[in-house]
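Just so it is clear, A, B, C and D label the chains in written order, and each chain counts residues from 1 on its own.
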Amino acid sequence: MLILGCDVGAITTKTVIFGDDGIVAYDITANNGNLTKVVEKSVDNVISKAGVSLDGIDVKAGTGMGERYIPFDHITEGIIKCLAVAAHRIHPHTRTIVDMGGLVTTAISINEKGKVLEYRTSDKCASGCGFFLRLAAQALEMKVEDFGKLILPYEESAHMGTQCAVFGESEIVSHINDGVEPEKIAAGINHSLGRSVTTMINRIGGIKDIVATGGVAKNKGVIRAIEETLGMEVITLSSIDEQLLGALGAALCAQQRVQQG
Amino acid sequence: MTAIEELKKLPSREKNPYIKEWKADGRKIVGFTCHYAPKEIFAAAGIFPYRLEARGTKETGLADVYYHRFNCTYSRCILQEGLSGGYDFLDGVCFLNGCEQIRRMYEVWQEAVPSTDYQYMVTVPHSIYDEGFEWYKEEIFRFKEDLMSNFSLRLNNSDLQLSIGVYNESKHLLKELYELRKADNPPISGTEAMKIIFAADIMPREKYNTLLKKSLKQIRSRDGIKDYKARIMIGGSPLDDTQLIEIIESLGGIVVTDTLCGGSRNFQEFVEVEQDGDPLAAIARCYYYSNPCPRMLGHFKSRLQYTEKIAKEANVDGIILQRVVFCDNHAVENTMLTDELEPKGIPVLNLEREHMLTDVGRMRTRIEAFIERISRR
Amino acid sequence: MIYVGCDVGSLSGEAVIIEDDAIVMHDIIRVRTRPEQTALEVTQKALAKAKMSFDDIDYCVSTGYGREKIPFAQSSISEISCHGRGAQWANPSVRTIIDIGGQDAKVIRVDKYGYMVDFVMNDKCAAGTGRFLEGMARVLGVELEDLAALSSGATSPVALTKTCTVLSQFEVLYMLNDGVDKINIAAGINRAMAERISKLAKRVGIREGVAITGGVAKNFAVVQSLIEVLGVEFVSLGDVDPQIVGALGAALFAKERWQKARQREATPAGGNKDTKNVCT
Amino acid sequence: MAEYSDRKDRTITTRWQITGDLAKFILTQDLTHLDDWGGKEAVREVLPEHYQKNFDLVQTDLVNCLLEEKNRKTAMGFAECMGNWGDWFHSQLDQGKKVIYHYFVHTIEPMLALDLAPLCLEVLSGLSAALYTDGCEEGIDTMHAEGYPDHLCSSNMGGAGFLLKGYVPQPDAFLKGTTPCDPSNRVYEYLAHKFNAPLIVVETPYYMNERALKFLTNEMKRMIGKLEKIAGKKIDEDKLRESIKLSNETGEYILKIQELRKLVPCPDTGWHRPADTIFTAQMGTPFSRDYFKGLYEVVKERADKGQGVIPEGKKEIRLAWGYTWECFDLPFFNWLENKHGAIYTEDCLTLFPADYAMIDTTNMETMIEGLAQRLMQVPMARQAMSWSDTWINDFVDVARAYKIDALAIGGHMACKHFWALNKLLTDKVKEKTGVPALRFEMDMMDKRFTSPSELKRIMDDFFATF
């Protein structure tokens, strides 16, 4: 059975095709303008990679902020459940998931069966999310990808105090003006992000294993910062791209439904 | 090190030498959260009252687990210190229902700061009148009883009289310091003065008085500061360090007075025990009827008068009313004061800030522009 | 005498050269990473166009976000004073200036001499600033300059409910995807902008003779909505580019300071007495 | 049908009168959804002309929600209470009665007994937010424009803004207890100063014990004394008794309904909670009594038949809200029931303690002490005036008594109290009862903060985890 899972997030759309022996193909496409077109593009990519046609797909499932823009019939799944199910499948010891997405960070505590016990989302503020990294990268004239490489101890990094993503930008500019090296500023941003994420993990009383997912999880600097403040190991999954868990979860949830009839 | 230097450089919390010294001879230190805490009683019983502050606190990660971004960073920074062990040296904390953000800390503290084994809540009415006074007086009395029994201490009226004497002297000395700042060419900058003032609530008072006396002598012998562009009064949310004042003065302003809790509001009234009067009642009266905090409902006019009086006495060119974001009391108070003072020709700058100063660039622009505005007058 | 005003903001840098009482030349560039770079380049360009060099400058005042970092400026003044001064010089009837910069929105009141008497500046939020429009343009996939034109002919402008500059970008993104007409969204954006600024303006109180400066002044749609929301007409700044008003003000202060310095040299005694009255 | 006034200072209250009559008119038509008659525009055309403008203001979804069978009856009660109250208030104004703006926790019996015209600032915000498409946003924005920040409470700001705009009568006095919070205290302080009107402060102590009751009883006496000065007469004991008998009766209904909500399936629908709070602010009037009486009868009837309010075949998910309801989208509660089978059993603003005072009307003394009792027990004041434990334990009890599946908590943005104790609350409830909690940010009256669609998205994600 082939299942398509599509996760339309804030800044990227992720699609996977899930077969009997795991992920057949996946695609990550950046959102710009028309989300329906983005979804179509992402789906086209993934089915061509998998060498199947859309009709060849048995079940289609969608999740994420922009789920309603998926143009074809599909089963709708809640993003929180998707993340839980997927994390549990890939890393059964997962008890805490911290998903660091483009606009929202979510900390989820699950039980040994992968059931969601409790979760908290990073409320209505863009600070401490992937979008903030983007703004920061722009201001520093760096690539977001390079941020992760910049790891410094908290004390040696530039201090980022502001709560607001936009003024975070202006704080960066004033650091630049004060002649602080971009590396230190970037490291400081990783720390401020990492610390706000740690707080969220603590809100649900982070039990290990703690698994980090979402685009920001690719930033090792942030992961280090979380581990530093949390005093615990944070696992990043090697067997799958961190951004895919929502999409995979959607496929898995749909599979369950179908099997239960 | 001169007395001035010693007061100015006095470190807070664990680095504060007096804490070690005090505890060394097995004496107790009890923290308190707001102006309405009866410090004289602590001191009379041989307890060192330490005003909770969050000087130099850079982040609120631990506090935000319990509190939220909609709580002000002043309360969150203090909680952060509690949660990160900054206040492990305290034998107890006296909370007050000053504002709900500080007041609600009581339960969190109880839950998450195990090092503090003694906690008490003194509640202050939200308006000033005789029945309210009776309530507060009883609160003070109950607190004293509880404090005594908890630390198995004894306290008689002469102890209280003594301690009242110490604190009254302190107030006289602080008044004198503020008098010196009123001069056309003040012998001391606002930054220095506020550092000295902040030291009062984080060290034993007798020692403080001796150092302050020495300092005043040194200060009096100085030449005044002439090259400033504007005399400024600062008011609003509680300040516990001088970062903001340093910015103001680095831009050519001089802070000559304030209406801050922990600043000028600290020494306006003296505790006066009438013949064979009850010292506890006298203490209660002094705190309760002192010029009101914005939390007090229905007393805006007296706060306005107080602001105008202080500003006039120090002949200020303008007033900077700052507030911590999400501080409801000062948010409304500052706006109301501005709407009253500006029409009377008293320039006011409203500033929003976080407790840990951030985004300094834009802050400087606003302050510099304000100084440019008022220094032409 | 040659006076230069140099304004380094968060998005762009401007330089104005005045000789006696006339603008000789000005230039505008987008900011470089460091303010001193921006200042140097923009001033050089302006000087070059005027066939001058740094040696010709008698006095230079810097202003704007990076004002304290400009090596070749003798002194610096906040952009708030400078905008007031510049606008009032451009049109003596000006008493209120609305300046919308990259991350600041300011409303400034001046006296008949161009000296600032009161001002407000946006506090904890960047809503209602150039950043807001920038982000929106990005989402709409148009150039910042084209945002104004886009909104013309809007039938029912959308209501933007989010204040946060970041969150409202996503609000707009979803509107687009729900098939809302770009024209109406653009109009809604300009409207929201105007309403946020009018909230500021009400705080200091508008006085007749309102001028609008800063980059956003070139967005006629925002300006139009502001006229509607505030119920005032804007006075013209003549041929002065609204984006250089800050730098112009700085240049005017440069002149004033140069002359004051001269007076002091003339009367060496009694330096300190009038410090309180010198606007430095 | 009552006279509608076109006076500017009656804009809001007249709006309520018309909406009340309009609702009665629509609810008596053979209509279960506006689309039956071709949608809102089409219905507008067949409406009597004097309703049309008002109809434009009313939220479409709300009309459709109230037209549903299970809601019609109580919707009628809602409309009548609102309309009658509006008529009565205007008649008070016409007789030149003095207008007292009061905070919603205050029992209004003494004001009624003094022939004053009480108007609750928070009801001004709440009813507008509940009924109309633009809610109380104009009021809120007016306050912002005056320089008052967005972290003050919209429930005060909306009404305050209407007052500044002159949409409601000029105040003769303000009445404010010092509970629950600083933001509300400050807004009343500002208004009293701005309108140069007396501010009657009722000092509410921190504790809930004999000492506090004694103190508060004395406060009640002081309050009545001050109100008497404004009314220019002594309080009429019989009038007070009459009014308190009404509020006793109302209180009994409220407690009975509360008991019934504990039943499985729950016989009461969620949108009543905001409505309840709004009309408890009128306890002591016949309108309020009639509303709760009507509500009781409907709920009782269902309970007797063992009926719930969720669609056939859906599994009932029982929620308690842990904090305030939202009132910018009443149909949201209906949506919870219809889509997710989730019922909204209780929240912080409708949770009356079982010992909520039935006031002994023997004499002045007993009545005044009773009023003091109530001020200590009335929702919000009860939770906010004292230790966090009061609030937390209340919801531990709720979780048990109402057999709650989950605490869903939309934390009201302005409420520093809640945000300071949110973790203690959710942790304790979970520890004691195993009930998990969802917590998110919203504003109870300003839909611009968390929009209805966001709210639904949040709930969808939440229920998906069940």
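Convention: a contact is a pair of C-beta atoms (placed from the backbone, for glycine too) under 8 Å apart; a residue touches a chain by one contact, two chains touch by 3 or more.
Computed from a predicted structure; not experimentally measured.
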item	value
Furthest chain, CA centroid comparison against chain B	A
Of A-C and C-D, whichever chain pair has more C-beta contact pairs	A-C
Chain B and chain D, separation of their C-alpha mean positions in angstrom	39
Whole-Å gap separating chain C and chain D, where each centre is the average of the chain's CA atoms	47
Between chain B and chain A, distance of the C-alpha-averaged centres to the nearest whole Å	45
Where chain B touches two or more other chains at once, by residue number	65, 325, 350, 361-362
Contacts with two or more other chains, residues of chain A listed in rising order	123-125, 167, 170, 173, 177, 203
Multi-chain contact residues (two or more partners), chain D	146-147, 423, 441, 449
Residue ranges of chain B in contact with chain A within the complex	58-59, 61-62, 64-65, 69, 354, 356-362
Complex contacts: residues of chain B adjacent to chain D	65-68, 70-72, 75, 97, 99-101, 104-108, 111, 121, 123, 125-127, 129, 131-132, 135, 294-295, 297-298, 300-301, 325-326, 328-329, 331-333, 335-336, 338-339, 350
Chain A-facing residues of chain D, complex	423, 430, 436-441, 449-450, 457, 460-465
Residues of chain A touching chain C in the complex	10, 31-36, 66, 69, 103, 124-126, 131, 135, 141, 164-167, 169-170, 173, 176-177
Chain B-facing residues of chain A, complex	123, 125, 159, 161-163, 167, 170-171, 173-174, 177, 192, 195-196, 198-199, 202-203, 229
